[in-house]
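What follows is a set of structures to go through.
Same chain, two partners: chain A is paired with chain B first, then with chain C.
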Partner chain A sequence: MTNSMNNVKAPLLAQIGALFPEVRLKKDRDREITFEVQPRDLHQVLTYLKNAGWRQLSMISCVDWIEDGQFELVYNVFDWTQGLRVLLSMKIDRGEAQAMTIINLFDGAMYYEREIHEFFGVVFLGNEDALKSLFLERWDDIPPLRKDFDSRAYSDKKYVKRFYDPVYGPQGGASFERS
Partner chain B sequence: MPKKERPSRFHPVSHTMQTVEVPTEKISPQEQAEAWEKIAHYFRANSLWMLNYCTGCCAIELPLVMTSQYDMERLGMMPMATPRQADILLVTGYASLKTLRRLIYTYEQMGTPKYVVAFGPCAVNGGIYHDAYAVLNRLDLYLPVDLYIAGCMPKPEAVMNGFKRLIELIESGQATGWKDYERRFDWYKSNQLEAVGEVYIHDEFHE
Partner chain C sequence: MSEVKLFFGPQHPGMHGNASVHLYVEGDLVKKARLVPGMLHRGFEKSMENHTWMGNLALIPRVCVAEPDINEMVFAQGLETIAEVEIPERAHYIRMVIMEMTRILAHMMSLGALASPTGLYTANQWMQADRNNIQDLFEAITGHRIYHMYIVPGGVRKELPQGIETRILDFFTEFERRMPEYHALIFENPTIQARLKDNIMLPEFVVWELGVTGIGMRSAVGKPYDVRKVTPYARYDKVDFEVPVATYSDAYTRSVMKYYEIKESIRIIRQAFDMMPQGKVNVKIAPGNALKWTLPKGQTYSAVESARGEFGYYIVSDGKTQPYRIAVRGASFPQGFLGVERYMPGVRLDDAPLWYDTMGICTPEIDR
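Up next, the complex of A and B:
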């Protein structure tokens, strides 16, 4: 498909392909390109992108692929002059759950890394502040957005519930007595 | 054609004060206190300041209630920015662990008399968040709730009805949650501590 975006995308794809042979194109959408990167390439790819115009780190997100035993970290950078978003998808081991920090490249990554550490338990090496809690106060269980965390069991254990005993009438309707 | 009679609550001008019978014989201090309490209830019900603090998603119904479309000012209610001068604490939806600490701080800063209005099913039994890891299921264990407003989320009409009901409760002296909080303070405190561990709020930016 030819459109105006190809003028922007073509040099980016060519450069990335030439500089980083291990980086693989995963998905190419209208204004959003996704690359798969290896953890050892991440900082170089991000440095290249930052110098080439992708100056804004929009967010870092995390996906728990529990069956593959992996976490997927997605770095989302945006270029305001070209209106093009680049996603860098990086798989890390779920048991070890360690990644290098990128706060030396993007200061704002601090809070995304803190959040991911809090909700997924990923440790970002080089960012000691990320070990502090950000949203959850006095959390006492495994990180709550991991797929093996049972929210209902935790809620049942920790919070007092309100139970109802339905009393079924002759017409089938139920009235609830508070207990 | 006779003019249609409207509820006096919506016509502050025509709203006449309740008459308090003044007995001729000497009355006991107990009866005196009760009479004064009735007078106090009347004035409390007619000047209510609602704290501008909201917890969950039900808060989205409040702009309509506060502004010209439903206009809660005709009930004698106005928003207030500080808890020190507010009468009503609205818990508009779910209270998470983190919110409950702030709610307790806020509630204890308010001067008596104070009233708590809870919105939606989340405050009753957790609602759709009953199995969430950070949402408390029963608000009444931690704060004395005077009135629940049903609906997920309650429409502005329901909120207005609820406020009218709250005014009736205050006027008749039935909204006594704050007295209950004083009487059973230890019970409420133990529930709060059991749920949130520590009520004190640690703030890394100010410590």
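Up next, the complex of A and C:
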């Protein structure tokens, strides 16, 4: 694959490799590079990236790998001057879903963490606000974006089932026939 | 003076979409504000996992109502990256025309939205009239006025209809001739100048603190930080256009920049038609029936520059017929939540709708 970003990527890869021996390169696309990080390295890697120009946290997303018993948190940072995106993929245990917050590094992480807590049940240690509900008012089931949450079953349990006779044409027997 | 709690939205002329901002005001000064979403939450990310790759096409444009095509574009781009498919050259240029037309629509919508907080209702009526004309063009191209479902994975859904090029270019020539009237109506209006100038500031450090992108970022940082320039997609690296920037971000600057972006979008549309080659407009991204397509395993983040900033999807495929996970980055998520909470306090009550509008907040993409 042609790679127009080698002059930016080479120093980044060298530095990350030298500073963080446990960080592994996962995928290298043209303008997007994915690393696998361990939870204990996350703050250090993010701090390094922020100082090196990746000043914007674009988003945090979460993937539920239910068969492996893991959640994957993906931190997405972007460098506007060099145009290279870095994704940090971090696996955490699904049973005891906990991760350290990063609001000490990126203020903007506040509401992404809160959203992930609400929809996946991941607890971000150090972000008390993230424990409050945001979108879902009075939610009474497991977090809905987990793979074992079945929206159809929830709907059947929660709401009264209503049946409608299929009515084709105007209701109440009105007729369109012209006299 | 005692503190009063006010609900700005969900039913309020100055509110965009069905969200509510809870305001705690003392006199007419906002003391505390927070966005209360949830009234518009449709569970898009969950339903996307329950639809096939192609079946999702009807669903995704609904994520952002004012600007639906960005969703189709990020979805299509992401799938093409995962499947490693190159789409025909002609499709890139058609996509650019669609994307710029939808950007103009979105900018006109938000300029028209200045009407209700300032009382300049003529602006909204003029804007809606011209939006209608552009929607006529969309109807001719795609068959739909609001949600077009035209940009599909692998290219665009069908060939442009005959004679549409002349229709589009004629309309925009006429529109450009009338643009000075829009400038006189909106930006030279004394009420707009009094309300918007030196008001609702967005300093550079706030941009970095919250993660604001788009016009908000460019109006404060003074650099052309536009996804179309920084990481060009489609064929934006082949066309010549300017990105308006500023270093003094008041509400007026952020609004007038939309006016200049409309001009640049028209430039891009003209060039795209000039450079558009003949040929096919789509390829299959996988063999067989579109409803049984499977994609290779992979994950990618695909982003475009929307009218409000960087808009993206994080797409995960596990090799099946449906997406494993799609996460939506709404362009206005940072200013919508943390921005309202931290920086809306301190404005006057009647400026709260202007704050919400000129920061470019679109509720449906936050509350998805």
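Criterion: the second predicted complex is superposed on the first by the 159 of 179 C-alpha atoms of A that agree within 3 Å, B and C clash if a C-alpha of one lies under 4 Å from a C-alpha of the other, contacts with A are read in each partner's own complex, and residues count from 1 in each chain.
Keep this in mind: contacts are C-beta pairs under 8 Å (C-beta built on N, C-alpha and C of every residue); 3 or more make two chains touch, one makes a residue touch a chain.
Since the structure is predicted, the reported quantities are computational estimates derived from the model, not experimental observations.
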| item | value |
| --- | --- |
| Chain B versus chain C as contact partner of A:E32, first or second or both or neither | second |
| First, second, both or neither for A:I92, with chain B first and chain C second | neither |
| Partner chain(s) touched by A:L13 [first = chain B, second = chain C, both, neither] | neither |
| Of chain C and chain B, partner touching more chain A residues | C |
| Touching partner for A:L105 - first (chain B), second (chain C), both, neither | neither |
| Partner chain(s) touched by A:S151 [first = chain B, second = chain C, both, neither] | both |
| Partner chain in contact with A:N76 - chain B first, chain C second, else both or neither | second |
| Partner chain(s) touched by A:V123 [first = chain B, second = chain C, both, neither] | neither |
| Touching partner for A:F135 - first (chain B), second (chain C), both, neither | both |
| Touching partner for A:L57 - first (chain B), second (chain C), both, neither | second |
| On chain A, positions contacted by chain B and by chain C | 135-137, 144, 149, 151 |
| For the chain C and chain A complex, residues of the former touching the latter | 37-38, 41, 43, 45-47, 50, 81, 208-211, 213, 223, 225, 230-231, 298-301, 303, 310, 312, 314, 316, 324-325, 327, 329, 333-334, 337-338, 367 |
| Contact set on chain A toward chain B in their complex | 132, 135-138, 141, 144, 149, 151-152, 154-156, 158-162 |
| Touching residues (chain side chain B, partner chain A) in the complex | 97-98, 101, 124-126, 130-138, 141, 191, 195-198, 201-202, 204 |
| Residue ranges of chain A touching chain C (in the complex, touch as defined) | 27, 29, 31-32, 34, 55-59, 61-64, 74, 76, 78, 80, 83, 85, 87, 89, 106-108, 110-112, 119, 134-137, 144-145, 149, 151 |
